[in-house]
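Data block below; observations after.
Chain naming follows the written order as A, B, C, D, E and F, and within any one chain the residues start at number 1.
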Amino acid sequence: HRPDPLPPDPQVHQWIEPLDENRVKNLDWSEVDVTLLGVPLSRSSISASGASENPDALRRAWKGFATYNLEEEVDLTSLKVVDLGDVRQHVTDIPTCHRNITEAMEAMRKHHPQTLPLTMGGDHSITAMLVKGWKKAHPEEQIGLLQLDTHFDLRSLEDFGPANGTPIRNLIESGTIRGEDVCNIGPHGFFNARTLKEYAIETGVRYITLKEARKEGVDHAVREALEVLSDRVDTLYLTVDMDVLDIGFAPGAPAATPGGMRTDELFEAVRIAGTHSRVKAMDLVCLDPLRDVREATVKAGVHVMLSFLTGLVQRKS
Amino acid sequence: HRPDPLPPDPQVHQWIEPLDENRVKNLDWSEVDVTLLGVPLSRSSISASGASENPDALRRAWKGFATYNLEEEVDLTSLKVVDLGDVRQHVTDIPTCHRNITEAMEAMRKHHPQTLPLTMGGDHSITAMLVKGWKKAHPEEQIGLLQLDTHFDLRSLEDFGPANGTPIRNLIESGTIRGEDVCNIGPHGFFNARTLKEYAIETGVRYITLKEARKEGVDHAVREALEVLSDRVDTLYLTVDMDVLDIGFAPGAPAATPGGMRTDELFEAVRIAGTHSRVKAMDLVCLDPLRDVREATVKAGVHVMLSFLTGLVQRKS
Amino acid sequence: HRPDPLPPDPQVHQWIEPLDENRVKNLDWSEVDVTLLGVPLSRSSISASGASENPDALRRAWKGFATYNLEEEVDLTSLKVVDLGDVRQHVTDIPTCHRNITEAMEAMRKHHPQTLPLTMGGDHSITAMLVKGWKKAHPEEQIGLLQLDTHFDLRSLEDFGPANGTPIRNLIESGTIRGEDVCNIGPHGFFNARTLKEYAIETGVRYITLKEARKEGVDHAVREALEVLSDRVDTLYLTVDMDVLDIGFAPGAPAATPGGMRTDELFEAVRIAGTHSRVKAMDLVCLDPLRDVREATVKAGVHVMLSFLTGLVQRKS
Amino acid sequence: HRPDPLPPDPQVHQWIEPLDENRVKNLDWSEVDVTLLGVPLSRSSISASGASENPDALRRAWKGFATYNLEEEVDLTSLKVVDLGDVRQHVTDIPTCHRNITEAMEAMRKHHPQTLPLTMGGDHSITAMLVKGWKKAHPEEQIGLLQLDTHFDLRSLEDFGPANGTPIRNLIESGTIRGEDVCNIGPHGFFNARTLKEYAIETGVRYITLKEARKEGVDHAVREALEVLSDRVDTLYLTVDMDVLDIGFAPGAPAATPGGMRTDELFEAVRIAGTHSRVKAMDLVCLDPLRDVREATVKAGVHVMLSFLTGLVQRKS
Amino acid sequence: HRPDPLPPDPQVHQWIEPLDENRVKNLDWSEVDVTLLGVPLSRSSISASGASENPDALRRAWKGFATYNLEEEVDLTSLKVVDLGDVRQHVTDIPTCHRNITEAMEAMRKHHPQTLPLTMGGDHSITAMLVKGWKKAHPEEQIGLLQLDTHFDLRSLEDFGPANGTPIRNLIESGTIRGEDVCNIGPHGFFNARTLKEYAIETGVRYITLKEARKEGVDHAVREALEVLSDRVDTLYLTVDMDVLDIGFAPGAPAATPGGMRTDELFEAVRIAGTHSRVKAMDLVCLDPLRDVREATVKAGVHVMLSFLTGLVQRKS
Amino acid sequence: HRPDPLPPDPQVHQWIEPLDENRVKNLDWSEVDVTLLGVPLSRSSISASGASENPDALRRAWKGFATYNLEEEVDLTSLKVVDLGDVRQHVTDIPTCHRNITEAMEAMRKHHPQTLPLTMGGDHSITAMLVKGWKKAHPEEQIGLLQLDTHFDLRSLEDFGPANGTPIRNLIESGTIRGEDVCNIGPHGFFNARTLKEYAIETGVRYITLKEARKEGVDHAVREALEVLSDRVDTLYLTVDMDVLDIGFAPGAPAATPGGMRTDELFEAVRIAGTHSRVKAMDLVCLDPLRDVREATVKAGVHVMLSFLTGLVQRKS
């Protein structure tokens, strides 16, 4: 359903359509399957981060990817994907940045609810803003979260404000979502305080540690989480914190640790999430291209996005 | 005038006294010559920066420096220097961060006005906050600025807020200082818009480009600037943006450029400033240890601080 | 069967014999098991590559390897391995480079057919030239290819010429081999266009994606491929593109991707290939030491070669 | 049993107590569970190494770790851990360095035998010195070694002296331990000469190659080794050479190789060792922070230590 | 003379106009002052080079530069500069690549002779092709060369073909230019064979070593060379090999050496060349962004281009 | 006077003759001008260093240098230079290492006194051993030292032993040389304790700080030092500590600092020393290739050696 003929063997940048002034006029929104949105914000990160550079880094790197997933025999070009560019950010006014993000999601949901929004962060603070935007557009919906993360992101809002350590707590305490509608797959090691785990227990936040998930496979854990959550909510929001990956695979995720997830586990996890009809939005956060090594993490980030879209094609067929 | 005997050949970390709880009780403030203050803030930087890591990086690196300046035959141990630690920062509330910085300077000036404050940034936004703190403590004083920088830092406050591109304009527009009491030595190349230069002309901000300064030497330019400014003001505040250095010497200053200052020129410039009786405060900003190479920039940062203190010893003798 | 006594615990460089002028005169070729050949050519690579530096990088790195494989209890010194040095390359005349490579293989096969040639590339374009050289020496033979690669290497010869994206198509279209006599183990992800997959299907090129191969193990896939191909051909040529490895393990393979093979899988794969009597030649390509990290990829390259030779010892015993 | 109240969510550096002059006076040694000791020695390493920087690198890096192990639901703060600082080393007198290490262990065992010593090396030569120190304090004990290493460390003392290639042989030939009381899990590839393997066989040194260990899992191999060894000895000493890890996970272990252990395998291995009552000491060696990439190896080193302590908590409960 | 209003403080990418399909139709060529052309070719380089990535790297990096030269008080926006994109290259057919380059220059000179072509290489082989293109368009002109290079580039065409070591000899032996009409400023050290110097003497090629040039300043040497050459030729072509720079300033120029030119010397040299009316074309070659450090060399490359254009503005006013 | 014909344009590795077994038999020592000796020792360095890798790094890097110095119009091939290989080192016995070094120098001086020894270190401890070897061979000579160094190297032998911080003191206290016969050009900054400067004054050690030397030029300072010292001694030994260079030019010299010497200053300094008839030996120390960036420091090291030999050719003609 794309007017301009694609080359026979398109690369991703030839397929994804940036929405410049000319195109926006002629766009038939009813044909758009997915909208990409960049959020170049990382000044709300607890530790110094260049995740603000990530949206453009992903855009550059996806020139090296084909639209064809050989293992799944899926051609992504059956989807129409539009890149809306970046949400406008302010240099020193973080509340304005966050408000812009919420408004961007709300506007997208109100005007083009048939499209699936895929957001390229930025630090994890943005997830709270994006989900709030969704909730504003769909106040009647129960929203659940499938989180792939090394961390709970349940730290105290009083201490940190809306930072990258607090988005899940932010969503729970603001009443946007319920704790039991969150499932985090991947926490491991010594990177979450005991009180945060206790908070998770109290508020019903579900989690499956990486060690636990690997007993039957991360893919299996994802399928189970999808089943449990999808019974409880109208919309599942998938949030991928790239620091869930092992530091050997993701040197460019500032908080990545040894003992984390492998890229092949993560790609399969998001592909499976993509196949599920309740999963209606996704984001990818905490990838800092400035400290990447040989672009390994940025390439992994693109692969995560394309794996999710592979699942989406499979869902639709 | 230091009670505890130093080892015969102290390294800098053996000489500078961190102000922990025990020491603060017994401290005779009248003996303190210089107070060091860390400001681990870089979320107000226009581009992503890890300058928040700089205060600790300087503290680690100065273990590799002796207190003795061989070329000047100056022993820094004749100064009593106290490290007050870091100003408390907030993760997502930049105005609070800035308020804390201003209050820290104001408090230091009010309670211990005989000491010279030397601040380790952080991004350049902090200079506006520090000078405002000085002004609050000494509202009657005319304050001048000797700036060593590749950039004017005169960008629009409306567009950026109190970021690292706006501190000088911030100080002028808030009435804290007068444009003519600023002199920037080192701007060069294609890194300042024409309208900013026009703003400099309009507001009387003085500057000497690097090319101009090198005609008779950067040292000569500094001496002239000190002479001109010291006739006009009560207090001269020295602010050193590490990106004034050439990128070959300062890979860890995010905005450093080719064609910038050499380290030997900078060290001599700050030493000369240190000798002048009107220079009563100093800061060092925009050094990001996360992108340094072989610690070259962090070591240069320590050297800048020690060169200034060398001048201070020479001033006192 | 080696005249000079080796030290009791030889390192690889003490065992492999470089063929200088003195040695070549006295060499008893009937005793030589394996000949190594460097091909320092990477100007035929689609993207910029320093794979031309690889042969010398391997030679330097193997000084850090013992000749004894502890896990297999195999001592490689039972093989006589001669390093013939590099095929002469031209700076700007790629056809001459390629002709020299073909002639080198043809000459080796004609004069010393009892030795197994192991070639250290260079980019993957050289495989087409090497197999053509074999075919010239043995026009009556059916030759098959066991390829370990992320990519099909079936891109259009009209568009690219004899580049590193086209060697397999080059061999098929030139009638050197049949599509059905190729098996590629390891393609994965979004790195092969759909039309290339269709070309593979049309020409009968076999492939096992990494995901598929891992169901019963890469080792199992290799055994099956060897069985299938060895029934069909006289000679099996093993070609290892180092970009089959995950980018976390092979940062120095320019086209390595996230989600690729692990080194332990690759080492076992080539060892198994080495044990099979039909596998009569091997090459290793697309390793760029200039972008390696801590020599991880170069060390993996040496390990691949030695793993193959381990299999060869096991084959002979 | 710690007097000062810890913060509710302590990081590791808030929990581990450095033993400065003030604290040592008031310390109730009967409450100390574990003593940490740094050994900043790497001039006894065969190849150039900065492992002398490791103790301080670990201390800096553990600020980024919580005390809570989420997967095991273990809070390390139930242990009292004291950091004794570094053993004094000499710049050019290696025998003095080694003597100091032996004496440090002997003194610890004599004066505070109820604490478990955990040593942060340094190169692997120190293990011989530490175990000798133990033996001096407990001459009646049989001591066994559980070694996780790519290498046997059985090279000739005549050729190398007490270097990082010889500690196990040193212990055997000095009569400190018996060969059969050593078990090395993890040797692999081409990194051990055949004569060393023969020496291992002759002296009864046990080993399980990585390939062998992975058949039923590294965790299973560790449990078996613990069972076998614990029947034979009074004390088991765990020594972890970080080069047992794959070079992709441990770029900062100078002798790490492709095809090595994964971090998750190693963390589980040491945790299991920590649970066993006969394991009474541990060291961690051959980690060179100067060549690390994104601190991956240093972080893995901290994780190894904390994983062992997790096992220790589990042992005690 | 630019139709679309520029923002008040344009960055370079807002000012330089990429010539896409829409713009080319409406372009008034008579208003174009400078045409930029990328030549992404480096497979003709003697040693492995990623200079093919340079044109795009320059385009990305110039987003960080203002159009205003503060030291010269020159605003580049008075020039209309059009970026024509890249000359089409072939993967394996170097003669075709070279032919395309020559034809591109010839076509530009024939159709738009009033514009000044500025070419972004690629390796130095392209200079021979570009000057030949000029000669084809203007067969009656005498062309001279002002070369800034560590090397003569006079190596044997028989041995190397049209590589990056031979362009000047290529131009002389093909009769395109005369040896005496070449002046190379910057050769130094041990990087030119004696026979090449003898060839330079025989053919009259002029050169000023860096040591010689620095006696009165590189700027002075450039002025003298311009004077001498401009009396002899109709057109002066400026070719800047980035390896003329010291390796400390230009880590991304593969053949840069210690003891080379400083960036400030080079910027002033090309600015002066830009002011001279006979200088009618320029190229910049041998910059490999893949091995750059902190983009220092790419930024220096942009600075070189903008310094030349600064001179061009000064020439016109 | 070299029997084998060199190629017309030799690179350094084609000219320098490694002394293997075959060549040593036929060597006419009376024709040898210079003997190169590697000393791969850095375990006597105060801080961790890979300077032991330097001799081989220099040998690899000099393949990229021609034998012709264009600026001086000197062809090094008029010298016969023999590379004797490396002095045998022990892994854990530093006194044996040092003894071997002294014996190597003594033997060279006794058997081949007409050749000039040029030693490639290793850390600076070796200079004490080399000069002692010279003294043993020539007990009647007064030996002087021209040192190019950031540091005095006068630290206490009691504290450090024969380390890289003590060689000059070692030579003075052992009576091998007199303090007044040493001149160090280049100390600067905060890298020498005051007591060491006092020791220098007491023992008469001469030094010229970099700031002082630059007043009339480093070249001028070298000429003066040569004049003063040569009147006092029979033999001048030149020792070049690569950390005299600025860290921007010598990232691979572990103790290099900001504000150090430029490479062009150093090259000219050693060339001038090479022209002086009293300078009869040279060494180059403290270059760690493991932490180099783009081989800048190793290339500078080769350039230093060749600059000295350029002076030697000039001396002889």
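The rule is short, and it goes like this: a residue touches a chain if its C-beta (ideal position, glycine included) is under 8 Å from a C-beta of that chain, and two chains touch if they have at least 3 such contacts.
Just so it is clear, the structure is predicted and the values come from calculations on it, not from any experiment.
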Taking a step as a move to a touching chain, how many steps at least join chain C to chain F? 2
In contact with chain E and chain F alike are the chains B
Over the chains that touch one another, what is the least number of steps taking chain B to chain C? 2
Degree value of the rotation bringing chain C onto chain E, based on Cα positions, nearest 5: 180
In whole angstrom, what separates the CA-based centres of chain C and chain D? 40
Counting only Cα atoms for the centres, state how far chain D is from chain E in Å. 58
Distance-wise, how many Å sit between the C-alpha centres of chain A and chain E, to the nearest whole number? 45
Check each residue of chain B and list the ones that touch at least two other chains. 246, 248, 291, 293
What is the complete set of touching chain pairs? A-B, A-C, A-D, B-E, B-F, C-D, C-E, D-F, E-F
State the interface residues of chain F toward chain E in the complex, per the touch definition above. 8-10, 12, 65-71, 73, 75, 246, 248-249, 263-264, 267, 293-294, 296, 299-300, 303, 306
Any idea which chain D residues touch chain C in the complex? 187-197, 209-212, 246-248, 251, 257-259, 291, 293
Which part of chain A faces chain B closely enough to touch in the complex? 42-46, 48-53, 90-94, 125, 159-163, 165, 288, 290-291
